[in-house]
């Protein structure tokens, strides 16, 4: 194999770069071929649709890089939404409710963190447990009813855009948090510790990193952001319900893995994850605008997910022989 | 004693991984009833040879013949079927299964309807242990067995397979003297029953004690095969390295300074009890003893990765909080751990990330890391230690064992330690690198670093240390000056009886 | 670390304090309900029906046989008025997926959206956005909030359905005994208003011997309804009738009872599809149940939407329009259009219906 | 060789721990049934028990398959989707022809075998983690079912009476569905415990590295484990169709979490190598019984999910505790070279 060829191959084997390229291509093709995909209004809808996945994927990336997983995020979102509705019904001021919901999210995350780091239980099992537990509690809090009539000042802000421009307000939240998490992961000692823990917990410990502490706070962050996603979800739809966001965890994990993060930990980059989120969101949007059924999207998501790991593996194998 | 015809012939085998030729045109013969040593520096291709015999790798060219017929060892199952048993350096047991089942895996005695006859399986295991003269409960799970016991189970596996060729890849690396003796007794009896043994070790005294013939490899090539009676240790070393070595253990004399590390009454039930000692600046103190005597646990507890029940640790007058490596590092302690792959390095991360991980906080500016300072620092220290690598961004797992150990040392020397603890600093690295490591430790001591060294290699202990502390069953039982320390005195203290070596 | 933690606690406290006297539900109630409907302009009853109208149906979810029949009727009507018919919908009955579809329909510049709301409020902002873009909104099955649609096709008056459900239950129970309700989801608008009427009916003296012991929710999920029916029978051994005002619930309950030892002891009634229920009517598990013709709902919705879009009506009370084979309809209070009385099905007449 | 005194083959300490683990579930189950029965004696009526067993049967078949995969240190999240695809396939076939029940079971299992083998092949040859593969095929298989069904629902009246009878009929008082589940359980249990293939699955899960070196055909066994899980999910699809009579493309959605929950509660370690299918089946029984008990006890049904979640945490917490205890005792007991 020639030098240039192998350079091309290694470029492709870097899934992070590949996924960004794929995402850009999909965006261009969609804008060119799907009517009204490129409109500013549609851009607003697109951003709102991928808001919860984008937010939750940020801490999830860090959690998966440490080699753990948090499947309880969607349930945390649901419980945050349910509590928000409950307190709103109890005539509490929204300005108190929102910080309380964020705090609740952080506490729920801390519970996960406690089981995983203090008791040393496998996170997959723990968070499947809390997935059921938190969702169950959401139903206990709010039952099957829906709470509406949130103040329009807040709901309008969430669905609105920055004065006159087509840029949705919530995009600010996404961008700010993405930068925060990106910088933490890639340009701080905490980020170095996150990668170290994912690569080898024991070796990280021998280098002075406290894996338990790192993971614990990541779970708190995951809970906090899920709580925030619950608040924004509730305000966006102006409807607090216990089943809000059900099933979202799989979409989030799919987006993160699609973004090139290794499920075994130690590898991954945030730009790739953002690309993964945008790719899934815009594919969904474009296919729907082209009247392609939901089902096709399911299949595409699944295939992309497998391909994101299979592709680089096969390329590596080809390169070796 | 050896049969006239070779039992196993390795003929001109070659194996490449990508562009790297790991083994090139290597040939040698193993005879029934003979123990054959395979030596060479790390990266010489010994492990690749072992893996070819084990059926893990298939040779690119060349052949492996058993009793004169060519074998296609494509999978470990093929090797097993051909009667080749491999005992790896790191035992490969199934922790959740019982010991009996570990031994019988794939060959379980069958009863009615081809179901496994558990009673017979347990009986077989018990018989094997009786033959080996050990008492391990066949019904217990393999999880929690000591390394020595795990090796014994591995040997029982080989016995149960009636293996005709037994390959042992550094089986003694983690064993104590008594355990090595036990292993050798078993190995000799296997040999005397007509099996061909292949034995890989870095310890020449073991090779001379066990083997009749030695094959030396260098850079993937076969250098020579000789009867051990025809070759001296010096010649072997020369052939392995391809050059003459300076003194193996060049400790310079340094006047000891103030106490840098002060340990008092350190205890952790049931591992060690009431351990007290000092290490002064400029001193190299060896912590000797059998594997399992609690040496590594003591140093890990000092560094804070392991907890402790009672006791105090002071570094240059500052008392360390238990269980906090971070604080120990801040106080100037560095620990080069025993297990390079699991504890010392993040094998899947780059060389630069590994080197600068402990210092990521101090290298950051306003809490942020841009990567430049890390790269500069990593470059500086790896060059100081003459580490050989392609790019700093390569995974550290791609380096050879010796260079990996240099990365670990670079990582800790970069923290500018006042107290350097090294646990088995030269385990599993080749002779050349070993000497470099020794020279480095010596010069660090000369610069006023207090060095505490855990080692199982007596020549290293005796050559390097200003003082030798000996542990037995979790207690500090002797403190010997350089002048008092001999193989006999250390072994006597370590075992509590006259040494038999 | 501790410092940082203290800071966090402080921040939360500060937020909580600043919130005293903040926005609460009661303080916003007046403001929210005051949000005006955007319908404007005047109806021109003589305006011709436009051709080529793009009419999209967005049911609660796809893959529901009842829904299929409804939108089937819609398709026929859209064909009659020479419009473009489209059917989209989520696979799960969630409001959030519906919102995405409404957004998509806005992008595709549909003229009319016929929607069955999964949550009366959650779909509202999007529906209003659609109306701003000139799309007419007709709801069916499950109404959205009044402020965000132009007209609602009501299968039957709430009062009428509630009364007929109680009447059937009373007949089957022989005038006295325990009855239970197996509903869809507790926030399904239509279900709840029927149940409310039933409760009022049951409070009347002539029904005093009927005792409503439990309202169970099967979430319009076949399996959940099945399990709920099972739970009801276990918990209430003296149960005489299960009333299920949802097609999914009644079918699941019938299937459970027909194969269990309760068959013949417990009667099932409610609202069901003749095709789904035929087997249980014939094997005697179910004596009678009721329903309107769902195809007519979709049919009527198409005509209502077209009339709105053509300017024949605006959704104001008292306006009239023609709905093809169904004849003339008059818009009631709050933009409601009532389809007509439900039909009762029994072993005698069930074979005349195929939907 | 001299005669040596051999330790009598006794119950291994491993077995004792495992038994204790399963006893724990049985105990929890016993207490639950007792409390519920005291508050409502009808909970123990024939019909009620029959309902619980019928509902358990489907979950148990899935849990047995899942346990086989989890024991090898893998996971199969696609079981719910495979169940849906199989149920719909069988439903469609039965709509047109009156196939014998046995054939329906075989077709369903066949659909599952194909799905499971695809999972296994990608895991094995693609070297892709099972979590990723089966999360992907969870979407893909479900998508295929939706494509095919396209909103169509198969109702009880379209299915042949013989097939529906099979969902309710009994053999000596035991429903056929339960008989099938028991058969699956016993066969799998015996194979896992008493056959080499079974022990190799445990070995793979316990240490994949060592398994490869021990000459176990890890790749083939991995594909095998996924195929078994797929086949059982397919079989469960047929049972589902017979039991519920109404099949649409959404059948079995979200089942994967219940199944994993049952397996975990049943004491199968998520990192492989330990646990039994008996435990997994007991886990399924416990979860189902909780569901029924809540309805009978008139505890708000919304609590069910929360209780299941709490139970999972309790189960893995208890496993951890036991493991720590056992490890400590094994270390103390030690075993040394007898000089």
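Residue numbering begins at 1 within each chain, and the chains themselves are lettered A, B, C and D in the order written.
As a working rule, a contact is a pair of C-beta atoms (placed from the backbone, for glycine too) under 8 Å apart; a residue touches a chain by one contact, two chains touch by 3 or more.
In UniProt terms, the chains line up like this: A = Autoinducer 2 import system permease protein LsrD; B = Rhamnose transport system ATP-binding protein; C = Rhamnose transport system substrate-binding protein; D = Autoinducer 2 import system permease protein LsrC.
Not measured: the values here are computed from a predicted model.
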Chains touching both subunit B and subunit C: A, D
If a chain touches subunit B and subunit D alike, it appears here: A
Longest centre-to-centre distance from subunit A, chain (CA-based): B
Winner on C-beta contact pairs when A-B is weighed against A-D: A-D
Distance from subunit B to subunit A - Cα centre to Cα centre, in angstrom: 43
Centroid distance [mean C-alpha coordinates] between subunit D and subunit A, Å: 30
Approximate Å spacing (C-alpha centroids) for the pair subunit A, subunit C: 34
Separation of mean Cα positions, subunit D and subunit C [Å, integer]: 38
Shared interface positions of subunit A, touching two or more other chains: 143-144, 247, 294-295
Contacts with two or more other chains, residues of subunit B listed in rising order: none
In subunit C, residues with contacts to at least two other chains: 91-92, 217
Touch relationships between chains, expressed as pairs: A-B, A-C, A-D, B-D, C-D
Subunit B-facing residues of subunit A, complex: 183, 187-189, 191-193, 195-196, 199-200, 202-210, 266-267, 320
Touching residues on subunit C, where the partner in the complex is subunit D: 62-65, 68, 91-92, 217, 222-223, 226-228, 230-235, 237, 251-252, 255, 259-262, 275-276, 278-279
Subunit B contact footprint on subunit D (complex, rising order): 1, 4, 6-7, 9-14, 190, 194-196, 199-200, 202-203, 205-207, 209-217, 269, 272-274, 327, 330-338
Subunit D to subunit A touching residues, read off their complex: 75, 122, 126-129, 131-133, 135-140, 142-144, 146-147, 254, 257, 260-261, 264, 270-271, 300, 302-313, 316-317, 320
Of subunit A, residues touching subunit D in the complex: 115, 119-122, 124-126, 128-137, 139-140, 143-144, 242, 247, 250, 253-254, 257, 263-264, 293-299, 301-306, 308-310, 313-314
